[in-house]
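Chain naming follows the written order as A, B and C, and within any one chain the residues start at number 1.
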Amino acid sequence: MGKLTFSMGGVHPHDSKFASERPIEVLPLPPTVYVSMAQHLGAPAKPVVAVGDRVKVGQVLGEPGGFISAFIHSPASGTVKSIAPRKDLAGNPVMHVEIAVEGDEWDPSVDLSQDLVTAIPDDKAMILDRIKACGVVGLGGATFPTHVKLNPPPGKVAECLIINGSECEPYLTSDYRIMLERPKEIIVGAAIMQKVLGGCKCVVGIEENKPAAIATMQAAIAELGYPGITVQVLKKRYPQGGEKQLIDAVMKRQVKSGGLPIDVGAVVQNATTAFSVYEAVQKNKPLITNILTVTGDDLPAERQHNYLFRIGVPFSYIAEYAGGIPASAAKIVSGGPMMGKAMSNLDATTVKGSSSVLYLSEASTRRHPETNCIRCGKCADACPMGLEPFLLNRLYKSADLEALEKNAAQDCIECGCCLYSCPAHIPLLDHIRQAKGQVMGVIRARAAAAKAAAEAAKK
Amino acid sequence: MDKKYIVSPSPHIHANISTTSIMRDVIIALCPAILVSILAYGWAELLVLAVSVASCVLLEWAVTRWMLKKPSTIGDLSAVVTGLLLAMNLPSAIPLWIVFIGAVIAICVAKLPFGGIGQNVFNPAITGRVFLLISFPAQMTNWTPTRGFIQITDAVSGATPLSVLQETLKSGGTISQFMESNHYTMASLIWDIGASSGELSAGALLIGFAYLLIRRVVKPWIPVSILGTMALIAAIFHGINPELYTGAGFNLMTGGALLGALFMATDYVTSPMSTLGGVIYGIGIGLIVMMIRYFGAYPEGMSFAILLMNCTVPLLNMWFHQKKYGRA
Amino acid sequence: MTQTIIWTVAILTVLGLVLALILFWVARKFRVEEDPRIDEVEKVMPGANCGGCGFAGCRAFADAAVKATTLDNQYCPVGGDEVMQKVASILGFTVAKKAPQLAVVRCNGTCANRPRTNEYDGAQSCRVKAALYSGDTGCSYGCLGCGDCVAACQFGALSMDPETGLPVVDEEKCTACGACVKACPRHIIELRAKGPRGMREFVSCVNKDKGPVAKKACAAACIGCGLCAKTCQHGAITVTDNVAYIDFTKCKLCRECEAVCPTGAIHGVNFPKELDKDAVKKRIADRKAKAAEAAKAEAEKKEVANG
């Protein structure tokens, strides 16, 4: 097969993968960690420890607060100092468990050995339980609980498991590094998920600008010899790693608006998630670590890093450990430059999905003053969902919810291509995100009303 | 944090592109054609260009500054593009005060009252040109060539090929007589036959358009559908009666067809945004041009065709949308 | 020549007559019977179509009023009592008088009181900003300063003060339609009674953080200390979630709360005299002393009675 890509839209931002040649280093623990109870998509977890409790590494701190929710484990051993709201990186209060770190004593159930375990357990239910109990969530950005994704609703059959190694966001190198350094674990993780999904085929999608990762992953697949796993080279194009775009690229199928990937027989998991699944199932190690890239504009090569960090470490600690915030930094982003979140509060702590500390310079990040739309249509050309951002922007301003829904504002994946490519510097995505929220509200209200009406009719 | 860091919604990086950079690309793309016309028509042409650009920019500045009391938009270079396109549609021997009137119509009637760049329904340069064509028909069709810096060819004639042709046909002549008496060959059509400055050299226009394509400023669908429709209709009629109807190649190379199709019909603001809409828009222009040329009172018709199709753009934008992901 | 004129006139006349007939027929055929009182009511309405009453516009309000059996559920905040009386007289209802109201901005996080901690660089819209993060100051409850309320106001009653970065309500122009209240994502703006001669007392803060946190973010924040609630003799002040609230239906405008507030979060406006804090504090102290004395005397009495 040749190089594949998704069928519409997309942009080609500058790659800027400055930290790609920096091996993963282990980040030491600070004296205090703050573990957020809202690290995943869905309901926040409920704390199950009390102030004064002594906890070990890997011990459960919070249990799921709903169906779409996840366990949260302690990243450190020590004493629980407080359980109180603390500001997250957007400055909004979120429940955090504060732990004063003492030593590094692991929960005895965790297998700390480094040997590769290739034998996959037979019991699917047991595998799913392990994944759930270890609090594994999608690490590609959305932090959707993995066990929910791996357990398709009855009647839906997974035909293809896609391991997302595209890492299409500029600057980020954490997926790339883990594919280079732990390829076998990723493949075992993929094979485990393949098994849970009933033995479907598995495709590892990697963008063409990572030849070393492609070669390493191919070698690992050949060596381990699991059936039905292949590497698919993808063209370099943002947002190749978007779930819907990846399915389009690899399977040539499109998920219907409002539908789920499983509707077209697809399950997409990030490469690092596959690694976490491996650790959870084969080593019983809960998700308390992830890889994070410290990178940015005008940062010398020796100050670019890829760290294996524990969740709950404050960003300010990481920044300091990595040599301080460069003077040229004008904006600090957690995540990629296209979809990441700008930090207003460096004291916020890392969560499961944290993937970077990114320093952007004034020149690369400052928005230009908005001017008149010149109707060039570049936003529509760039939209990977085939939407017309200029139109949605106009409809949002006139608060025409009906037309917004008709023009599919709710399909927006917030990839940022429209705002990226607008020559008039119109804050398209800022407005469309609002419009999407409003339309989703209308759709949900309608669904709820329909449900209520149906129930009333039953009675 | 002592330093106040920037916080904004994603995305945090932006393509290195702006309205100004796009307009700059268009100006660069027009340069070859402008160069050829200055060489061919000399100081007079240079003056027309200078007056047109200067009056467009000055008018835009003055109106935004004194009447609209808004920040000036001349920095985006769109007024320069309007000025250049207007000048390229005028004969070099035209009195300069008429050029100024054209600029007034383009900027103060077609552009700014609608809300400035991005809001105008009609292409400003064409509106200016059509106004002049109707108001000053004598001056606008006075194609007496001015003295150029180099003598390109003998074929630079006193009137545009299409108006000579119309005269010939009216007086009962045939196309072969016309071709013969004016020494037109296919080669001269491509490089150097006389008309308003912008229409002078098809080759120079195509080079400029290729630059726009490479820079991804415009997409080829609109010009291709305009020129394709024109060629198709011309081929059919020419096939029916070659002595009464001119052929495809002749029609594409004359009467501002290329300048219009490549640079004026592709104006972002006044063309549809979807690909399908653009194709329909192009076909419409092609049809109207050929109808005017074959059956109408005016020999050329490109400007009228574009203006007429400009009216349909809001409808085309409403009816034709991009193909959406996951929606059949 | 004459013939041409005659023909022209004749054709135009016939054409006119035919078209008139068609129009007449159409008007007849598609006529919608409407209660004439709707027009009458609409005439006395302010005609701003602001939606402040909860209906789509003045006509919708009139339509609903005509169909309704009582006017209790309808109120035009723009026209106020005057218009409601007129509407009631047309329809033969009676309406109770309502106190005129006014939009009040409950944030005093001026640039001086509330230092900026970061720089916002997104779309200038409070809604967008509020969805993104807690704002460019340490206070995650206060005004975001992008002027969504100003844009929502149809009466030009709101404007941003460039000095403070906060919206200012023009009391003359404000009609209490409530558009700004809906537009504000932080729920800072509240409709409050205009008060006698415009005098009113309100807590200009909605920060629910605990005292020290709120104080750190903004010098003029309500720290939820409860002094005002303890001082108030009319039971008008409640403190919930670390922030005080004055119930304007109970407030007697004595300004004691304003005098005791340690951060100046309580504002009194349009009072004829400047507040003499010391005098008021003395008055409170005297009253407390008296009360204590009385209590003491009471206790002694009891003691005497018991003893």
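Rule of thumb we're sticking to: a residue touches a chain if its C-beta (ideal position, glycine included) is under 8 Å from a C-beta of that chain, and two chains touch if they have at least 3 such contacts.
All figures in this text were calculated on a predicted structure; none of them were measured in a lab.
Pairwise, the chains sharing the most contacting C-beta pairs are A-B. Chain A has the Cα centre that lies closest to the mean of all protein Cα atoms in view. As a whole-number value, the distance joining the C-alpha centres of subunit A and subunit C reads 43 Å. Centre-to-centre separation of subunit B and subunit C, using mean CA positions: 55 Å.
In whole angstrom, the spacing between the mean C-alpha positions of subunit A and subunit B is 49. Touching of two or more other chains is recorded for residues 331, 342, 344, 366-367, 427, 430, 433 of subunit A. For subunit C, the set of residues touching two or more other chains reads 117-118, 121-123, 128, 132-133, 136. Counting partner chains per residue, subunit B has residues 1, 5-9 touching two or more of them. Those residues of subunit A whose C-beta lies close enough to touch subunit C in the complex are 87, 90-93, 331, 342, 344-345, 366-367, 427, 430-431, 433-434, 437. Listing the residues of subunit A that touch subunit B in their complex gives 7-8, 11, 13-14, 170, 244, 248, 254-257, 259, 325, 329-333, 335, 337-344, 346, 358, 360, 362, 364-368, 371-378, 380, 383-388, 390, 407-408, 411, 414-417, 419-421, 423-425, 427, 429-430, 433. The residues of subunit B lying in touch with subunit C in their complex are 1, 4-9.
Residue ranges on subunit C touching subunit A, taken from their complex, read 117-118, 121-123, 125, 127-128, 131-136, 140.
Residues 1, 3, 5-15, 17-19, 21-22, 73, 76, 78, 115-119, 268-269, 273-274, 321-327 of subunit B are the ones that touch subunit A when the two sit in their complex.
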